[in-house]
Amino acid sequence: MSQVNRNTGIARLLVAPSVLLLLVWMAVPLGMTLYFSTINFNLMVPGMKAFVGLENYYYFFTDPSFIDGLTNTLVLVGMVLIITVGLGTLIAILVDHPFPGQGIVRVLLISPFFIMPTVNALVWKNLLMNPVSGLFAFIANTFGLQPIDWFTDIPMTSIIIIVSWQWLPFAILILMTALQSMDQEQLEAAKMDGAGPLAVFRHITLPHLARPLTVVIMIETIFLLSIFAEIFTTTSGGPGTQTTNLAYLIYSQALLQFDVGMASAGGVIAVLLANIVAFFLIRAVGKSLAEQ
Amino acid sequence: MNTQQVKPMSQPSLARKQPLLDMRQAKIVKNITVTVAAWLVALTIFFPIFWMVLTSLKTELNAFSTPPALIFKPTLENYVAVFERSDYLKYAWNSVVVSFGASIIGMVIAIPAAYSMAFYPTKRTQGVLLWMLSTKMLPPVGVLVPLYLLARDTSLLDTKTGLTIIYTLINLPIVIWMIYTYFREVPKDILEAVRMDGANLWQEIRHVLIPITLGGLSSTFLLSLILSWNEAFWSLNLTASKAAPLTALIASYSSPEGLFWAKLSAASTLAVAPILVFGWISQKQLVRGLTFGAVK
Amino acid sequence: MSITKTPYVRLATLACAVSLSTATLAETVTIGTVNNGDMIRMQALSSEFEAAHPDIDLEWVILEENVLRQRLTTDIAANSGQFDVMTIGMYEAPIWGANDWLVPMDNLPASYDVNDIFPSVRGGLSANGTLYALPFYGESSMTYYRTDLFEQAGLTMPSEPTWEQVREFAVALHDPANEQYGICLRGKAGWGENMALFTTMVNAFGGRWFDMDWNAQLESEQWHNALEFYVDLLGNYGPPGASSNGFNENLALFNTGKCAMWVDATVAGSFVTDDSQSQVPDQVGFAAAPKQVTHKGSGWLWAWALAIPVSSDAKDAAQEFVTWATSKEYSRIVAEEHGIAAIPPGTRKSTYENDAYLEAASFADMTLSQMQKADPNDSTLEPSPYTGVQFVAIPGFSGFATVVGQQVAGALSGNTSVDQALSNANRVVDREIRRAGYQD
C-alpha cells in the first residue's frame, strides 16, 4: 500500500517539469509583453520608452482594422472548420471500403498536410490562382469565361480555400482511422434491419465519430486562430483589411510599423481572446473527453 | 489495409430476397462508382503538388506561358540554379537537426507528464491540460520582440539550440495531450499487475506502457516532426545564416524576380521533398497511431 | 565596442580575439540582402572577392524585401549583431545613421572615388553631412512603353507625358481579350511598393503628405483627385489582380509582353531590354515619369545601399566587401561577365560618361535625366516640412504609410470607396504624427 502511495506522489510530480517549462514559456514573454504594452516603444526610435498607461490599448481598439481583424479571424476559423470537417467526413467515408488502389489514394489524400504553409501559399498564389498566368485563369479562358481575380475580388474565400486544402488531409486522416475501428457487426445489423445509408450515417457513424471530430476541431482551432504564413504570403492582409486577421494585424504593428508598444497591447488582447476560446473548448471538448 | 474489415461482397446471405445477378451488378456499379469517385477526389487534392513538381521541370518561359505547356522537354536547370545560389544541404541539415531534436526532447519531457496526468489525475488535471493547449493559441508575433531580446541576451540567436528549444516548447502542449489520450486507453489493471510484481515507476513506463502505446507514440512523434519542419515564423526571425532551416530558404524565393515560377517550384519541391517522402513512408504508422482511443 | 552589449557577447568577442591570436582564422561576414536581380548577381560574382581575400568568408542571407527589412530592423534596433553588412535604402540610411546605428563611411580609399557618386544619391544616404551607406544601385522612375504597339495604333508618346495622356493611351491600347493591358502599375500594398508610385502621383497632382505644421493632408482635393485617377486608370485599364502586383510582378508582366505601358523604377531598363529575360527586348521605349499639374516630385529617387551596423564584429572585413561591391572595379566585372548594359545603374557619374555604356544601354539617357530631375528637398508644389520624394524621411513613415498603402489597395480593388479610404488613412497618419510629437 505504501509502495502505491509513494508511486502516486512521485507520479504526480512527473507532470511538474512540463508545467514549469510551459509556465516559464508563458510567463516571461507575457510579462515582458505586458510591460511593453504600457510604454511608447518604437524600434525605429531609440531611447523613447515613456510610460503611457493604457494608451496603446486605446489606440489598438480604435484602430480602423481592429474590428475587421476580429471578424476575419472568426470567419476564417469557422469556415475552414466547416469545410474541412464536412468534406473530411465525406471523403473519409468514401475511402473507407476497399477498392483498387486504396493505399495510393490515401497517401495522395494526406500529402498536403506535409507541405509547408509558405510553399502551399506560394504554389496557390503563383501557379494556380494568378489571374493572368495561373492554371485556373487558363481553364476559365478555355471555357470562354472571365477568369476570377482571386485575391482582389474574393480574397477571403481564396485564403479559406488555401488553408482548407492544408488542413483537409488532417481531418481525413483522423476520421479515416476512426472509421476503421467501427463496429462492423452493428453496421451490418442495422442494414439488415433495413436502415438506409443516411440513417446508418446519422445513428451509427456520426456518434462513433463524435470524439475524433472534437479532436479535429480542437487541434484545427488552435492552429487556425493564429494563422499567418498563408495571409502574409498571398494578400498581406489586403486588399484594404479584408484578409487581416488578429495575428496579421499584430504582425503589421510590430514588424511593418515597428510599434512594439501597440503590438504588445495587441498580443495581450490576443491572449485574452485565446483564453475565451479555450474556455468554450474546455466546456465542449472537456465534456466529451470525460465521457470516456 | 485493414484485415478487420468485412467485405460486403462476401455476404451473399444478405441478398436472399433479390435475384443474385442484379445484386451483383448493383454491387459492381457501386464499387466502380466508389473507385472512380475516390480516385478523382484524391487526384484533385494532390494536384497542386503534382503541378508544382511539373512546373519545376519546365524552363521559366514555359512555366509562364499560356496555355500551360503539358508536353515539354523536362529540364533540371532550375534545380541547378537553386543549388548554385544557396547551400541547400546546409539548410536541409539544419531542418533535420532542429525538427528531430525538438521532437525527441519533446517526447522525453511529455511522456512522464502524460503518464502522471493519465494515471494519477487530480481535480485539476483537465484544467491544466487545457491551459497547456491554450498557450498554443497565442499568435507568436505577439511575443516576438520579448523572445528576440531574450534570445539575444542568452546568445541563442541564430543557433540550432535556440530554435530547438523554441520548437520543443511550442509543440509540447500538443505532444503531451496526444500522448495523454493514448495512455488513457491502456487498461489500468495491466499496470497494477506489473506494479504488484514489484516493478518501479521507470520499469513500468519503460517496459509496459511504452511498448503498448508504441503506435500512438510514433504518430505523435511524426506530427511533432511535421509541425517543426514546417514552422516558418520563428525560423525566419531568430536565424540568420548559421541555423537557418528550409523555411528560410523558401523566403528568399517568395517574391518574383522577373520570371521566377519555375525556380520557385524547384526550391519549393526541394524544401518539402524530405518531409513528404518521410511522411509517405511512415503514413501507415501515422494512420495506425492516430486512432485516438477509438479502439475501445 | 557598443556599451549595450551583453556579457556573453563580450565573452564571445574575447574568445574570438584569443583564438585569432593563436591562428589566423577566416573572418566571416554575414550579408543580409534583398532578392532583386542585381543582388543575386552580386552574390554570384562575390567568389571573385573571396578569391582576392582568402581571409574573408562571405555568408549570404537573401530575403524578400519586406522580410529582409523586418529582420534587419529588429537586428539593428536590438543591437544583436547578426549581420555585418546590411542592404538598406535611402529611407533607412539617414535615420539609422542619425541613431548612431551605422558605421560612418568616412575613410574610403582614394581609388574608390567617392565624388564620382551622384551628389543627390550621396546626400540621400547621409545624415548631418556624414555618409553612412555606399550605394549599390540608384533609381528614379520612368515610363516604359511598347513602341510596336504605339506604332500600330498610330500613337506617339511625348518625352514628358502627363497622366492624362497616359490614360488616353491606356484606353486605346487596352485589349484584355488578348491579354494585353493598357497599363501596369504597382498595386501591392506597402510603403515601398504602391506608396512609392502613388506618392509621386500625388506630387504630380500638386499634393503633399503634410503642410508646414505637420497636419496630414490626405483628405485634400489633390489626394482625392490622384486616388480617383489611379483607381480608374489601373482598375479599368490595368491587368487583373493589379492590387497584388508589385515591382517584380509587373516586371514579369511587361517582360512577357502583356503591358502596353509601365511606370516604374529606372533600374528595370536593363531587364526589359535583356533578351534572356524579356520577350520584347527591342520594342521598349522610354519616357519621363508622367507629370500632371506639376512635374515636381513626379519621378522618385531611391538607392539600394550597403551599410555596416555598429554591432558588427567584423567591421574591417565588412568594409572591404562593401567598398568592393560598390566600386568601379565591380562594375567592370559585371560588364565582363554579363555585358556592359547590366552594370548597376544610377550611382556613378563615370558610368554615364562611358560611351560604350550609353551605346549599349538604350535606357541610360532617360535614367540619367530622371535621376537629375528628382530633388528630395523640393518635391512638392506647395511647401512641405519634410525631405524625400516618394517617402517622408521620418522614423514613423514606414509604419503609417503601410496602413495608407493598404487603404489605397483597398480602394483599387473596389472594396473601399475613395473617400472612405482617404479618411481612414488620414486618421491613422494624424494619430501617428501626434504620438510622435511633430505638432508640438
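Residue numbering begins at 1 within each chain, and the chains themselves are lettered A, B and C in the order written.
The rule we apply is simple: a residue touches a chain if its C-beta (ideal position, glycine included) is under 8 Å from a C-beta of that chain, and two chains touch if they have at least 3 such contacts.
If you want to know which protein each chain is, UniProt gives these names: A = Binding-protein-dependent maltose/mannitol transporter; B = Mannitol ABC transporter permease; C = Sugar ABC transporter substrate-binding protein.
What you see is a predicted model, and the numbers here were worked out from it, not measured in a lab.
A complete topology is adopted by the chain contact network, contact being made between every pair of chains. Closest chain to the protein centre (all Cα atoms averaged), using per-chain Cα means: A.
By number of C-beta pairs in contact, chains A-B lead all other pairings. When each chain is reduced to the average of its Cα atoms, B sits farthest from chain C. The distance from the centre of chain A to the centre of chain C, each centre being the mean of the chain's C-alpha atoms, comes to 36 Å. Separation between the centroids of chain B and chain C, computed from CA atoms only, is 40 Å. Taking each chain's centre as the average of its CA atoms, chain A and chain B sit 15 Å apart. Within chain A, contacts with two or more other chains are made by residues 43, 132-133, 137, 255. Counting partner chains per residue, chain C shows two or more touched chains at residues 70, 74, 78, 179, 256. Multi-chain contact residues of chain B, defined as those touching 2 or more other chains: 64, 66, 144-145, 149, 251, 253-254, 256.
Interface of chain B with chain A (complex): residues 1-2, 4-8, 11, 14, 31, 34-35, 37-39, 41-43, 45-46, 48-49, 51-52, 55, 64-68, 109-110, 112-113, 115-117, 119-120, 122, 126-128, 130-147, 149-150, 169, 172-174, 176, 181, 184, 195, 201, 226, 229-230, 232-233, 246-247, 250-251, 253-254, 256, 261, 264-265, 268, 271-272, 275-276, 279-280, 283, 286-288, 290-296. Residues 3-4, 7-8, 10-15, 17-19, 21-22, 25-26, 28-30, 32-33, 36, 43, 91, 94-95, 97-120, 122-124, 126-128, 132-133, 135, 137-138, 141-142, 165, 168-169, 173-174, 176-178, 180-181, 184, 188, 191-192, 208, 211-212, 215, 218-219, 221-223, 225-226, 228-229, 233, 246-247, 250-251, 254-255, 260, 263-264, 266-268, 270-271, 273-275, 277-278, 281-282, 285-286, 289-290, 292 of chain A are the ones that touch chain B when the two sit in their complex. Here chain A touches chain C in the complex through residues 40, 42-46, 59, 63-65, 130-133, 137, 147, 149-153, 155, 234-242, 244, 252, 255-259, going by the rule given at the top.
Interface residues of chain C, counted against chain A in their complex, comprise 66, 70, 73-74, 77-78, 95, 99, 101, 179, 188-190, 239-244, 253, 256, 258, 395-396, 398-400, 402-403, 406-407, 409-413, 415-416, 421, 424, 427-428, 431, 435-436. On the chain C side of its complex with chain B, the touching residues are 6, 8-9, 12, 30, 32, 35-37, 40, 43-44, 59-65, 67, 70-71, 74-75, 78-80, 82-83, 179, 246, 248-249, 251-252, 255-256, 271, 277, 279.
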